[in-house]
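In what follows, chain A forms one complex with chain B and a second complex with chain C.
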Partner chain A sequence: MNLPPIDWHAIAPELVLTAAACLVLVVDLFLPDEAKWIAMPLSAAGLFGTLAAVVSLLGAERVTLAGSFEVNDFALLFKALFCVIGLIILALSLDYFRDGRYHQGEFYFLLLCALLGGVVMASARDLISIFIAIETISIPGIVMAALRKGDVRSNEGSLKFFLFSVLSSALMLYGMSLIYGVTGSTNVDEINQVLPQQHEGLVAVSVFFVVIGFAFKVSAVPFHFWAPDTYEGSPPPVAAFLASASKIGGFVGLLVLMFRAFPAVAEQWRPAFAVLAALTMTVGNLIALRQQHIIRLLAYSGVAQSGYMLVGFALIGANADTNSQAFKATVIYIVIYGLMDLGAFAAAISFARRGGTYFISDYSGLWNRSPALAGLMAAFLLSLAGVPPLAGAWAKLFVFLASIEAQVYWLAVVMGVNAVIAAWYYLAVVKRMFFDVPEVSEPIETPYLLRAAMGLAVLALVASFVYPRLVTDLADRSVLESRGADVELSSP
Partner chain B sequence: MEAAWQEGLFFVFATVITVSAIGVVTARNVIHAALFLVATLIGAACIYILMFAEFVAWAQVLVYVGAIVVLMLFGLMLTRAPIGKYGEYDNDQKGLAAIVAAAVFGVTAWVLIDSFEGVELPTDRVAATTSKDVGEAIFSSYVLPFELVSVLLLAALVGAVVIARRDERVTSRTIDAARREKAREEDV
Partner chain C sequence: MGWIDDWGVALATFLPALGAIVLLFVPSVQDRTVKLIGTISTFLALVAGILILFRFDYGRSGEIQLEVDTQWIPTIDARYHVGLDGISLPLLELSLLVTFLCAIYLWFHVPEPGKVKAFFILMLLLETGMNGSFVALDLILFFIFWELVLVPMYFMIGVWGGPRREYAAVKFFLYTLFGSVFMLLGFLALYLQAGSFDMLELRSQGIDASRTFQNLVFLGLFLGFAIKVPMWPFHTWLPDAHTEAPTVGSVLLAAILLKMGTYGFVRIAIPILPEAAVDFAPIIGILAVIAIIYGALCCLAQTDLKRLIAFSSVGHMGFVMLGIATLNDAGVNGAIFGMVAHGLITGMLFFIAGSVHERYHTREIGELGGMLARLPRFGTLLTYTAIASLGLPGLAGFWGEALALLGSYQPGAGLDPVLFRILMVGGGIGTILTAGYFLWTLQRVNLGRHPEAARLHPHARIIDVQPLEWWAWAPLLVLILAAGVYPKLVLGVTDGAVQNVLRSFGG
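Then we have the complex of A and B:
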């Protein structure tokens, strides 16, 4: 039996993160109750270590484990993004979990495990790895959503998430098994080569199952029902995790599969994505219009944002140029969305922690009570709406341009209409914060850790608007192409 | 000759699986449903053996039949869940669910028959997947997902303990709060 060599440097980020997760679990066991919060800086250190391992790989092009694991700019970009998201969520969690006395140590362990799923997902180029990675993101997510055990909404939200997640995994796995059945391979590149010669109907059905499975994970309409209830019921930092890391994990898997494994049969599934994208944008935005609760508003607006991210998949075709433009636009959108959505959650959580609530009516006159918090919240919401001078504007513009380039004009029109609807409810909150008279005039102090995290996020959003090459360069470099058979196996 | 008895046995096992799978969803008693599930899973294991996938077959028997269903039965016993008739748990979406299930069955069956019609399984090719091959695949090219599953299972285990554990701290605090509330009322 000869084992192929493993490129240990290529999997270093995963190794560091796994070690950190195990360390947190063990150390937590020996910490007295009042010192349990130490698990948080420990987890942060683990994520910084992972980030360092990612940085040490910058510029690398490595393939290992018989082509099922690939390290390139695309993978590193998303690995880094998962680490950054993890760090922001840790900053949000410290205060919440320390006061609430929910199982702190276990929470940090579960969070690190879920992030590990995301970090593996960025490199997974094989159906089995992709499936296990998406499950590693979801299952700790389900448990974290249930951590507010005393609250019936948390139980309900978690149970809904669990049931939807199990159903979607079953569908996805069935689709994957059919794909393996017809192609005899689990590797994305081999699948892409063999798939066009197979029976059309069977290919269409199996890809359809896989897409439905992912549609649940990224909460696309009509598979979004779990999202608002789960977000509302979970501890808010967990909701922030589900809206950012968990959704992005699903999108990374979808990007790898659709742009790498199934592009040859794009004719068959492209229309499904167009419908999915249009429905997701429109339904998400229309329901978001009526929300009174900020987390539910963000949940439905997150559904709508998924719609914009799905547009890129509806543009895949025979033309390599439009494909790569659609791919880049989607990558840019996902990265920017991750930052701005997390920022909005962070602002909402800091407000609620410091005497506020999650009801939008309580945001009246926030500007007078805490200019910093109101300014940050406004920046994130305006970015989500796609208003310049914030990065969200570029995100929308690139997707818009990509759909014009691919000559799918009707989707561009749907996007335009939706941008207007979305602006309505985002601006309504902003107007309330700046122009309405507050009912309470107590000033609000935001914790420094949170203020720093949110400040950095806003800075990143403004910087990437002023100097767009920051994002376009990243996207230009992150090509998701197979590089042929010569790099199938690399030894360290 | 060999192919003939293989095919005959396949139909026997397929019938067992189908009948018991229908039993799982229609049984009025949860214990009966679990026992039907055992029959379904064993039937699937037999089909794996027919395809010479011995490792998968034994894993199926050991893990699903031996561990999961038995755990389910223990769970039913220990949690004092209602194990008698459970007719009241039926809901009014049964019809819709049946239509969706029938549609999915129809489409997949049609597609599978249409694409694999007339294809014969070469007996020597399938015979090549032995436990040794499976083991080598798991510990070479699939070693990363295999290890990731360990982390996933650990997370699931920790999660299950966290969710199932009775929170002494929270309950005692709420009881304390209730006591104080009561004391305050008495003071007034």
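Then we have the complex of A and C:
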């Protein structure tokens, strides 16, 4: 059997990250308990190394591993995003795991493994590697969710996540195997060429299963039930991981599949995405209105945000121009969402570190207790709500614009109404922090590292608000073009 | 002075925001430094505004001047396009001036619970949003500035406001957000149809689409602007927001924020969608007259001085909208004059109401009285401003109302003169009611017996106008008179631009 030649430079980020993960696992074995936190800077070094490898590939257009692995601007953008997300999660994990004496070494190892899944996903252009990537993200996630072994909620959350994850993987695999059966290929471009000639019903069923599998991963309604319980039960840094990296991994996979493997049959699945998007944002927002626990609030708001990211998929197929607008809008949304959602988690975690609680009622008068923390939290929440002067406004605006350009007006109206509903519950938290009088006046100190991480995130959000080309240029470059023969897109 | 052409508008717009950034790094305990930096930022912006006044070519006030047009977001073809013409110039200057005066007022009137630094930062951000809205010539840029005012005002009301501040703040935020979503939909629909976000380009090339499409887009813009103005029946957020907001918040809200809505009609909705404007004008006119009469009747029923002024705003903005609805030269000029006059007068009224509250710790009209005898200067100022507000000839309030009514006698082409003459009569009745409630208020507050010491609030401090208050108010008082005596001060600037706006109506 002939192995395909491997372009080692192209897979350098993955290699560095794998090496770092193994190193963390081994080093952890030899460290005494009180020194186990060293695994954190070590992991951070690994991520910086990965980032360096990503930078060394800038501008590259490479395909290796027999066409299943592609390095281009799109892949590099998301590889870098996963590294940045990983670094922020590390910043907010250090205190939590060190003080709690949780399984520090294991956590950092698992986190790096999961990020490896994300980094691979950015380049995966083949059903098998996409599946492997998504599982590499999910399985460490399941273990990490259960790290608070003594806590029933953690166990419950992890078990739910496990069962849903396995179910969704099974559905996804079933769909993928059908696609392979129909087209005789696992490569996304080949699938796109062959798929339109196949039996319509069969194609619809197989794509349907794949989409449902991913819908679980990105917690789209009605496949979102695991998310709030799992987020609430997991150690909060893990919840932050699940809400950001894990979800983004799912979206990257969806982007590759829907824009690259299945666009030719877009007519068949496009309406499903429109319904999914509208449902996801509406239900997520309505349930979020009633939440009292900040992590659950962020979980449901995260569901609603997924709805916005799903809109782009409902716009595929009209013509090449709207396709690329929809794609760019989704990419921009994902990048900005990653930053702001993670920021909100970081703020909630730093509050809980000192304030000791995750209940929104305890946020009363936070401004008097810690102006910086209240300001940062408000910035992230307002960005999630899509209010200037923060980048979240552009994220929403671009999706809005894309749907109008694709002439899917009703989705634009649904988005508009949802923006107002969402503003209500984000503002409720802001209101508590700023307008209410604190019951406890004791000031809250934020760990230095966390504050720096959050400060940088807000800076990035404000900067890309003022000068949106920071993100739009990235999105412009990262258009995911079909390789090989030009593929005719189906007309609506 | 050539650099003003390129940088003047940007300086006037962004200097306040720059000041806000600088303030972030000043320790919040250093009250004086904070106030100084904040005031200097607004002052520098005002200086930029004054330089612009010298640079502006009044002979060509109909054209966009001091224009800057550069690439901003190429992906969606949104540009950083700003400039001034005779319509935006007075409003920009008004915004610059009033914010500066508010900064002075803040030196000795920091609302509870203190936190000067945060207040200044919000006010400066707000100023950037307001100024930007008046100079933006790109729809996306306009939208961003428009939305930028939301958050600062929300915090101003919510943190520094009165007892029902939370309710008022959220109501203000959600109402405006709701409107702006539809406005944005309208903008995007325009972009889709005409392929541009540029206001001037959209105006010159016109919208080549069905009447239904135009009307739908106009409806979207109408919702956004009408909520901001606010027009009856979208006004319910205004009395709450005004009553609960701290003095400076009320002043800025009344003097500037409301104008963003009416400005939107004159700058965007009407020139870009002239046919739809003709369809909508009767509706706008009717709603405007309802607002005038309804606002006046509500004023008669108010017992809170601030709430009364808030409802009087509903009525005055009704005159502005009536002027816009006439779609003719006199009416629209009157509308812009009305905007400026209302900014000066109602801003001043809110200053006075705030200072009354600080002295008496109450704004209940029933608990006040005899102010003219006890605080002669204060009482005189209240009389002067209230009389200006009710539209006495010779003061600023007169011209806006008079021109709006004059314009309704012979409305623009395509409008039904009979309807507008009926509206004119309605507006006329409104002016009588307005005079009625203002005079009645003056009678109750200024005349009669001053409340006895025992009935006053324990913390009441009955002192006459303070020196810094004079400084903060003098420019408004002078301008109210100047614009009243010499209306050409404003009309001379606006007329050219208004004719340009109305060109599509053959007027």
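In the analysis below, the second predicted complex is superposed on the first by the 479 of 492 C-alpha atoms of A that agree within 3 Å, B and C clash if a C-alpha of one lies under 4 Å from a C-alpha of the other, contacts with A are read in each partner's own complex, and residues count from 1 in each chain.
The criterion applied here is as follows: a contact is a pair of C-beta atoms (placed from the backbone, for glycine too) under 8 Å apart; a residue touches a chain by one contact, two chains touch by 3 or more.
Just so you know, these numbers come straight off a predicted model, no measurement behind them.
Once the two complexes are overlaid on the shared chain, A:Val120 sits against chain B while remaining clear of chain C.
By the touch criterion defined above, A:Ile142 reaches chain B but does not reach chain C.
Once the two complexes are laid over each other on the shared chain, residue contacts for A:Arg290 go to neither chain B nor chain C. When chain B and chain C are set side by side, the one touching more residues of chain A is B. Once the two complexes are laid over each other on the shared chain, residue contacts for A:Arg153 go to neither chain B nor chain C. Applying the stated contact rule after C-alpha superposition, one finds that A:Val420 touches chain C and leaves chain B untouched. Touch criterion met: A:Glu106 reaches chain B, while chain C stays clear of it. Shared interface residues of chain A (contacting chain B in one complex, chain C in the other): none. On the chain A side of its complex with chain C, the touching residues are 328, 367, 371, 382, 387-389, 393, 397-398, 400-401, 404-405, 407, 412-413, 416-417, 419-420, 423-424, 427, 431, 434-435, 468-469, 472, 475-476. Remark: chain A residues 1, 3-4, 6, 11, 14, 18, 21, 25, 65-69, 101, 103, 106, 109-110, 113-114, 116-117, 120, 124, 126, 128-129, 131-133, 135-136, 139-140, 142-143, 146-147, 149-150, 182, 198-199, 201-202, 205 touch chain B in the complex.
Chain C contributes residues 28, 72-76, 118, 125, 140, 144, 147-148, 150-151, 154-155, 158-159, 165-166, 169-170, 173-174, 177-178, 181-182, 184-185, 188-189, 191-192 to its touches with chain A in the complex. Contacts from chain B toward chain A in the complex involve residues 107-108, 110-112, 114-115, 136, 139-145, 148-149, 151-152, 154-156, 158-160, 162-163, 167, 169-170, 174.
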